[in-house]
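Next, two complexes with subunit A in common: one pairs it with subunit B, the other with subunit C.
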Partner chain A sequence: MSTIPASRPRAPLGLPGLPTLVSLGCGVSVCWLAFGLFLLGLDRVIHIPAAEAACRDALSFGFAGNALASAAIWFYTRRQPNGQRPAEWLYLTGAFYNALLGALLTAIFLTAFDFLPYNLPIVVALPLGLGALCAVAAASSAARPTAAEHEVHEQAAPGRAEIDASCRQVVVAWFVSAVVWLLFGSLLALLASIKLHSPYFLANSAWLTFGRVRPAHLNAMTYGWASMSGIGTLLWLQARLCRITLPFREALYLVAFYWNVALAYGLFRILAGDSSGVEWLELPMYSAMGLSLAFVVLFLTSAKMLLTRRAEHLYVSQWYLFGAVFWFPFLFIAANVLIFATPVGGSVKAVANWWFAHNVLGLWLTPIGLATAYYLIPKVLGRPIHSYYLSILGFWTVGLFYNWVGTHHLIGGPLPAWLISVGVVSSLMMFIPVVTVAVNHHLTMVGHFHRLRQSPTLRFTVFGAMSYTLVSLQGSLMALRTINQTTHFTHYTIAHAHLGVYAFFTMIMFGAYYYIVPRLTGREWWSAPLIAVHFWSTAIGMSIYFVALTYGGFMQGKQMNDPDVPFLRIVAQMVPYLQWRSVAGSLMTVGHVAFAFLVLQMVRGQGRPMPGPTLFTGHMPPLFAWRRRR
Partner chain B sequence: MSTYITIWAFMLAAAISVAWALSWAIRRGQLQNTRAQAASIFDPDERDAAPRRGSPTLSTRGE
Partner chain C sequence: MNRPLLILLGIMATVLASLAGMVFVPNWQARELAPIRVVDAEGATAEYPPPLDGLAEAPGRQIYQSLGCIYCHSQQVRDAAFGADIDRGWGQRRSVPRDYLGQSPPLMGTMRTGPDVANIGARQPADAWHHLHLYDARLVSKGSVMPPFAFLYAVVDQDPGERGYKLPDRPQWIVPSTTARSLVAYLKSLHQDHDLKEVQ
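== the complex of A and B ==
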């Protein structure tokens, strides 16, 4: 295996150490406070229209943001000797953040007075893009190894234990946050599900109405659980595959904190009734901007790891992971620009919306999920994937076709036929990457399916990989006009979405937790039977969910296309299926609680000190041992 | 008009990036010798398991 050695030490930029940075952050924070109060006075005295919004942003993002970041930096590095730690990256982030905020406030004023024809987020996107380019260029020039350094042997690379140690705090922060959002999202999901068949349940509180709880659930799961667990896995996998220690650890730790604050505030605003109303983009603009910034930091981290990697070859998982961190910030920022900043008109807005919404799964969660499966299945089995060529073909065809499929959600809408056809054709072309992945995973597993009885990681991951095949083939068929006219606007689509985000992605993430967390904490899982409870409750729950809503949704669609069937009768006939949905959701929640408890035990250091991995059959407790004796 | 400029700017940036990534991969030989590259995730102490396709041998830490 050819390797690239460590980069040469970065040249110091002549910047002062961390204490100065904290002082500077506090000073900037006070400046934003003064500016915010000035704007508040301006609003009260001469009633400038934009002053109130600008004041709110100056106080929340300028004052509170800088103060919190400074406090976090001080808390995290208070025991470090003065000036011993290079702080270039933190300086860069701070300067970038405040420049962005300044541009945002300027844009608010210019937009309010019609001085700005090109509208707000273009001004925001400009420094964002420039800043990203500058940072990539700086990281690249500082980190590029010399030709002589290429000849150093691979033993110079850090070992697995050292890499895992470098990831420990950051990845655990992302993982634990994700589990908290999983529990919160599950609670919201149960509320929303119960309300569908018992509409008077908690109906007196405006905060808990279906129209608020459902988008809050979706965003908590997408940006909380799925994205945060995916990012934690992504960082660990990239570090392992690049064979380097995790860079920018302080910044990533702060970004996790920042992500949680932005998301919590966004969900609070959704529950308070301040949703944007655009599906999958319900988070208010100021919260979405915060997440955009975090995505840029993740992109830079990933770019830095690729540029300084010690393994010459890029494994297929790295292609998928870098694709995800490149594609999704692009999608997220572009969708926010097209829908909120320079809003496109009429039905084109729906195109932008579904282009983004479908790609959240296709170009964000899918690459991370597949990258994880392509790493975990060979690692657990101890054998390489069946065909590396097929895996690479799968990656490039995903990149080529998945971007276009979103418009099949708008079949029957007021759009040009060619635009819908592009979505339909691309959906069918997705057969290529799906079949390559399915064949590859299956042939890698052939002869080793008995390992599913033992390995928690393998069981969850293979369940997820099989679900990927199922959901993708189902999605391609749903894009056909003849099938879509039955399944559209029914619970069939909800079952399909959960098959993708839950049965595929979430199950693979569970598998990733069972593989990664012991390597980060140095301990094994607290209880194998509890892992079995987690698996069976989520697998059975998801199966019930899928079967009930798929069948119910299909019947719903058939009846809705029949003008002789009264609509209220269809609604009444759906109630049993919706009740099964709540039962399935309760089962999944039981599994989530078991999982959260296991993660909590590991984080608390209560895991078991064992030389080998936790296996289902290897640690049967006395309660179940009678079965073995018989 | 500004919307179209925005859309085309985004699409152009994405297309150039993808084309560059693919050409880089071809130039650097990332798409060659795929059999050996499939085993690149295994460390030297896991090597005994890696190259033999079909071998049920386990890695040292792998489950």
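== the complex of A and C ==
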């Protein structure tokens, strides 16, 4: 690890060095442990429900959080001479975090005694505090450098190879975990799909009943595959675009491990029957809060990267990535607190639920997917993105409109009409960012579509980018009350959801793997035909999936709105479409296995030696070319 | 767009605005919603929505949640002018926020692979129907794709009397476990049958 000379002098706040910080962190952590055990005792002796909740938080956030943070800092700094690194903002983070936790516990006690309707202070304090933290971090670095100073600063930036090497272990850890979750999620998906047309399939155990396998599938795919592959991509992209080596490597590596454990335990509990019963938030509270902590580390890493970057210009991908790492942790923590830690029940909780759930796609997967497409398409083509100003418009309108669309999942439901209307209007406003991004990507691609024949990265990415346009326009239209009247409550919505998370996001992530993994491992992909198998089985599988369920779901909705059609006839008529879904799912799983095998070969060091990327051959579609050679 | 702090302020503003608009304002609007006292035909007063009975109904709700019933069954009746929910007999009136008071989390659902169950307690009042349907839905609903919950039942060859229910096609009886009994108690508690003033 080479140390980069600090070109900007820092104004120290006069705090002691990092070893003191680590000891302090451990000390605080032990204090929280003691306090947590005290609360546990309190709960056992005099039964206060608040004490139990507070104890759980003190142990998980206070004890585990501080211990993990201290361990990460220790790993990170153990080779650094004392005083080499700015420690101020780490002190401030620690102080802020523990203050926040204190506020949380206080609020839990207060809500138990009905002083507050819900934990308003926390959800407000959290973003404000994080913002203030960033402001302090920014202020603690010296004044903005002049142009001449900046040039010197940029020239000292590490080269691409050095950046890739710094990302290697961390990003591979996130990527490989994601692929394992992809395979596990596919297995659950197949189980759930088959059960829906053959109800006696593996029906003898509560663990494998449809109602548990389905949420386990959703969470494995969302928080396992999509989030972990997205985070790996995000870290690499941000390091490349900031032109710095990846900071906090040991911490991020540990967090990947920690994430896997928290998620695996959460899924195990869902299968065991401990699901929270809230769509997209099924992970039990302890598992979800574990993930929240990892999100906070991710936000801090991103902030650190942006603040210490060596490239003056911020590329459009960086805005999206920074947006994602703030938006999603905020939403995730706020939704968990609002839904599970507040005593107020009722239909407003459904609003909070869908406010969050739609934003999993809207403000987490979408920005990461778009950032990746914004990077990969120009990079593979070797030409700049069409318009900088369209990118600005696209970014801010996504941020502005996407987080209001959630109530379109509750059209016709027991809610105030204005709330539904807000969701419908915002969904239609989404036309602006979607068309903007579509035009920008298309005009970058135009005249270069023949490159799709050769480059696996480009083919997956462009498939994903086109699906983004399709799924978003479809989604906006589905929010119209007349259309929603038919499509709501049917498999049409399921097809739409898969078009978003699979055809858009997952395909772009496949593209990102094909671009990034060779740069991390120094090897090229092992087999072009196998990549072709991966592409065609997933693309065809997804198309069958979409067509079957869209058509079937639409018919289902039409018949459901006709009271003369008996309900069981609708059920019977859906069965063939559900069987097609199992066929489509099997095809997609074949693609995933091919992909997993390719990734395995790469991390085993069995890829082709460089140079030159693995491309599909010639002018024929690759599957045909392969067959002709045989 | 080269200053992270500026971007951060912008992205905070967007998400805080939606938090305020989509979470805090509805919460504030719902603050005065409270259960009402209703008087039935015999002159007895009761509370609507009725609180779940802690012995069977509340645990039954946990089981409904744990077995993931929500992924195929909604619990919300749409207005007569919007869809055919009322024509299908899934309810006598549309659902309103008051029906969900105190439910945490509300189990409204977003999918109808199976029919809506907001009023299943009123539509199917018999224990036997529920138990046979849960044991194997095809016994009472031909062509259903609902998973069998046979693991909640014991099958016996001797008539167990009050505790059991006879299977229609063979000389066997099913005896529900406590879990199955709680689940059925919860299902039977589901009805949104009071004419509230906000839906008249």
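As a convention for this text, the second predicted complex is superposed on the first by the 463 of 630 C-alpha atoms of A that agree within 3 Å, B and C clash if a C-alpha of one lies under 4 Å from a C-alpha of the other, contacts with A are read in each partner's own complex, and residues count from 1 in each chain.
Methods note: a contact is a pair of C-beta atoms (placed from the backbone, for glycine too) under 8 Å apart; a residue touches a chain by one contact, two chains touch by 3 or more.
Keep in mind that what you see is a predicted model, and the values were worked out from it rather than measured.
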| item | value |
| --- | --- |
| Subunit C versus subunit B on the shared subunit A, clash or fit after superposition | clash |
| Partner chain in contact with A:Leu370 - subunit B first, subunit C second, else both or neither | neither |
| Partner chain in contact with A:Trp396 - subunit B first, subunit C second, else both or neither | both |
| Partner chain(s) touched by A:Thr457 [first = subunit B, second = subunit C, both, neither] | first |
| Dominant toucher of subunit A (residue count), subunit B or subunit C | C |
| First, second, both or neither for A:Leu314, with subunit B first and subunit C second | both |
| Partner chain in contact with A:Phe326 - subunit B first, subunit C second, else both or neither | both |
| Partner chain in contact with A:Val176 - subunit B first, subunit C second, else both or neither | neither |
| First, second, both or neither for A:Leu338, with subunit B first and subunit C second | both |
| Which of subunit B and subunit C A:Lys349 touches, first, second, both or neither | second |
| Clash with subunit B (superposed arrangement) - responsible stretch of subunit C out of 2-10, 128-136 or 146-154 | 2-10 |
| On subunit A, the residue positions that both subunit B and subunit C contact, one per complex | 117-118, 313-314, 326, 330, 334, 338, 344, 392, 396, 399 |
| Subunit A residues within the subunit C interface of the complex | 117-118, 120, 123-124, 127, 131, 134-135, 138, 195-197, 199-200, 203-206, 209-212, 214-215, 273-279, 303, 306-307, 312-314, 319, 322-323, 326-327, 330-331, 334, 338-339, 343-353, 355, 363, 392, 396, 399-400, 403-404, 406-407, 409-410, 412-416, 419, 422, 481, 485, 488-491, 493-494, 560-563, 567-569, 571-572, 574-575, 578 |
| Subunit B residues touching subunit A - in the complex, by the definition given at the top | 2-3, 6-7, 10, 13-14, 17-18, 22, 25, 30-31, 34-35, 37-44, 46, 49-59, 61-63 |
| In the complex, subunit A residues that touch subunit B | 1, 117-119, 122, 154, 159-160, 241, 311, 313-315, 317, 326, 330, 334, 337-338, 342, 344, 375, 378-389, 391-392, 396, 399, 447-448, 451, 454-458, 515, 519, 612-613, 615 |
| Touch list for subunit C against partner subunit A, complex | 1-5, 7-12, 14-16, 18-19, 21-24, 26-27, 29-31, 33, 64-72, 74, 76, 78-79, 82-84, 87-88, 94-97, 99-108, 110-115, 137-138, 141-152 |
